[in-house]
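In the two complexes that follow, chain A is the common piece, with chain B as its partner first and chain C second.
Entry: the complex of A and B
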């Protein structure tokens, strides 16, 4: 146990007179929030991430409710049943909803405007979030058919970045 | 890549940061300006009570609060919880308490650290305390390093 520190300002014994001038007010302050952490993918999503490194989209099906997850956890979030062995989907899909990002913010990796979409890959019951490029934002709509544009071989990784972005399927009709 | 079982879980380091900047109101702004000047201020409500820390609105009536009142910088611990360690903390003692401190002549309580030199047995509800001010003050609640016991 250490010695109690000495007060740098002794307490005043009586109420001090209120000064005529108040302190000039502070208008704002920074309130930064930072968290460093380790993301643990889990064995289910790790299988999906390892598939991305081989340009494969690996899904898993619930044996009880038939729901197909992409990416897939280990267990169905509805039934808690263990999901099937991974199987590969072709990769094409459909835009379920999207957002055009026009606003710059600190740490932004891409120059706005750009378009982020929820994409339901054909054969899956869940959606992936990814960029949609090679198209004017005004031409993107819910139902647009899209396909993945993969990284060069040397850039493939156990990461969503192995898909650079999605783009409209050439000559594709809407879902 | 390290040698790992083919079905082992992947992990990755992540860092998430929100560089918030928040505005404060007129009353809280003056309260913070007071801290920069090494003074503690409260704010008067319509009922005549003084609130410390200062608030923009009276929590009892939702009416805007009134004049700022300079306070004697001393108070009484009402509640506290002991913190065994906190790495990187400014308080030189290894151990301190978080406490609610009723500043003399005010209603409400100021939430701050209390340093009893690492001795939890000195902390009691009713302990008289005063702020230890930082030398370089900027207009922040951190301008008070902590509160510390004062002899009655």
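Entry: the complex of A and C
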């Protein structure tokens, strides 16, 4: 907001401004917007989200092209065929690519540095984005085998937060 | 000018809130129906254009999800407008006019129910300095225009109620309608004001729906439809961003767009048999029919937006409905109108014609 004039201060008598003089421009003001939404996940992704509440990673396969989606929409995005019934994957997977976040920003939930990866869960043709922890960033590499660390029973939800993070499989070898 | 026609149209049933389907799920059955009635496979489509609004979904690039219903693999030629899909139809029509291809599919997904209060969203499209900070809701902005018309002696509340009575009766049996039924002018005038002179029934009910239009050029159109709905002329014009600088009793952009469309079409708006008008509020119907000089035409025979307003699909549905009258042989010449922005700020007019 620009500063409003203080009512108690009378206008300062002064020489009238020259005709060309303009008041100093307002450079900024605040106009916050807030919008509340209902999120509709759809029937396909709802199956995946409900699985997370039960510590299960539910995937679906395209009957035409055999692609396995995790999370799965209702239809194959290549064939437009309705995907098969959900089936459970073990949850272990492989780091397909990753980055180390060193940058602080407003609203950040985790102290940098931390590691974000695309994880290809065994049996799926798509990747999930998640944190990789319990390992030094320097020791993470593409091909690292990882497993999910699920949250406590009371915190399970229809949300990706049901998986706290991924960590290297103990004694696991690279894919 | 190339001959371009609507060869198929489909829309989903009107719902006030679809809590089951995501964008792709809401769209895919409609897409299958439209492509099926044109008798084409998606591999035959040269261009895809869609309209929806991220601010209605609450997610960035939300429309990307809808591409799962058209198949983005193998790669397709595709475009999106961040507004009513009527403007996507205009883009696809222009694209075909340029000779870039033979078949274009246009789709609109409207999800007006996802924002808990759509008025929180619509203020973000207003000018950020003088108007948006005041958070005027859509009904207040519309009511300013309605009140200006009443004060000018161009409209009264009874006329507005008569529009609603006819729209609700026309909506009976229409799968796209969210509200319908027999009501009387007296009943309506007894209802409380929402933003005077407007009452709840004076605004179209916001909801969720999808619509798909198939456009084709020349001989391809003749092959795909028994009686193509030729888009003979189309034009859109916009007024200034700040409603306070406008005379709200006039819609010069409608008059101008209609004149430009008539120049292309070779016939004027007043010569059509059916007009599908994007009337989000009842007061807009007499204002638009006067501007278009539609004395002899049937207006919104299915009830129009006053019985269902699936936000960014509403304008496209007007074009689809106007085309459907020709495809089915009910009319030879029709008009479609679409609007966007507060108090009829932006307006598009399409003039359609069937072979006789």
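The rule we apply is simple: the second predicted complex is superposed on the first by the 137 of 175 C-alpha atoms of A that agree within 3 Å, B and C clash if a C-alpha of one lies under 4 Å from a C-alpha of the other, contacts with A are read in each partner's own complex, and residues count from 1 in each chain.
Here is the rule we go by: a contact is a pair of C-beta atoms (placed from the backbone, for glycine too) under 8 Å apart; a residue touches a chain by one contact, two chains touch by 3 or more.
Because the structure is a prediction, the values reported are computed rather than measured.
> Just checking: does A:79 make contact with chain B only, chain C only, both, or neither of them? Give me first, second, both or neither.
A:79: touches chain C, not chain B.
> Using the superposition on chain A described above, determine whether A:123 touches chain B (first), chain C (second), both, or neither.
Neither partner.
> Return first, second, both or neither, reflecting whether A:107 touches chain B, chain C, both chains, or no partner chain.
First partner only.
> Please tell me which partner, chain B or chain C, touches more residues of chain A.
Higher number of touched chain A residues: B.
> Just to be sure I read the superposition right, which of the two partners does A:42 touch: chain B = first, chain C = second, or both, or neither?
both
> Using the touch definition from the top, say if A:158 reaches chain B (first), chain C (second), both or neither.
A:158 contacts chain B only, not chain C.
> After the superposition on A, what does A:28 contact: first (chain B), second (chain C), both or neither?
first
> Residues on chain A in contact with chain B in one complex and with chain C in the other?
31, 33-43, 45
> If you look only at chain B, which of its residues touch chain A in the complex?
It is residues 7-24, 26, 29-30, 32-34, 36-39, 41, 68-74, 92-94, 105, 115-119, 130-133, 135, 139-140, 148-150 of chain B that touch chain A.
> Which residues, counting only chain C, touch chain A once they are in their complex?
Listed in rising order, the residues are 17-25, 28, 42, 55, 57-58, 67-69, 71-73, 111, 113-117, 120-121, 123-124, 128, 132-133.
> Chain B touches which residues of chain A in the complex?
For chain A paired with chain B, touching residues are 1-5, 7-12, 14-19, 22-43, 45-47, 49-50, 106-107, 158.
> In the complex formed with chain C, which residues of chain A make contact?
Chain A residues touching chain C: 31, 33-45, 73-75, 77-80.
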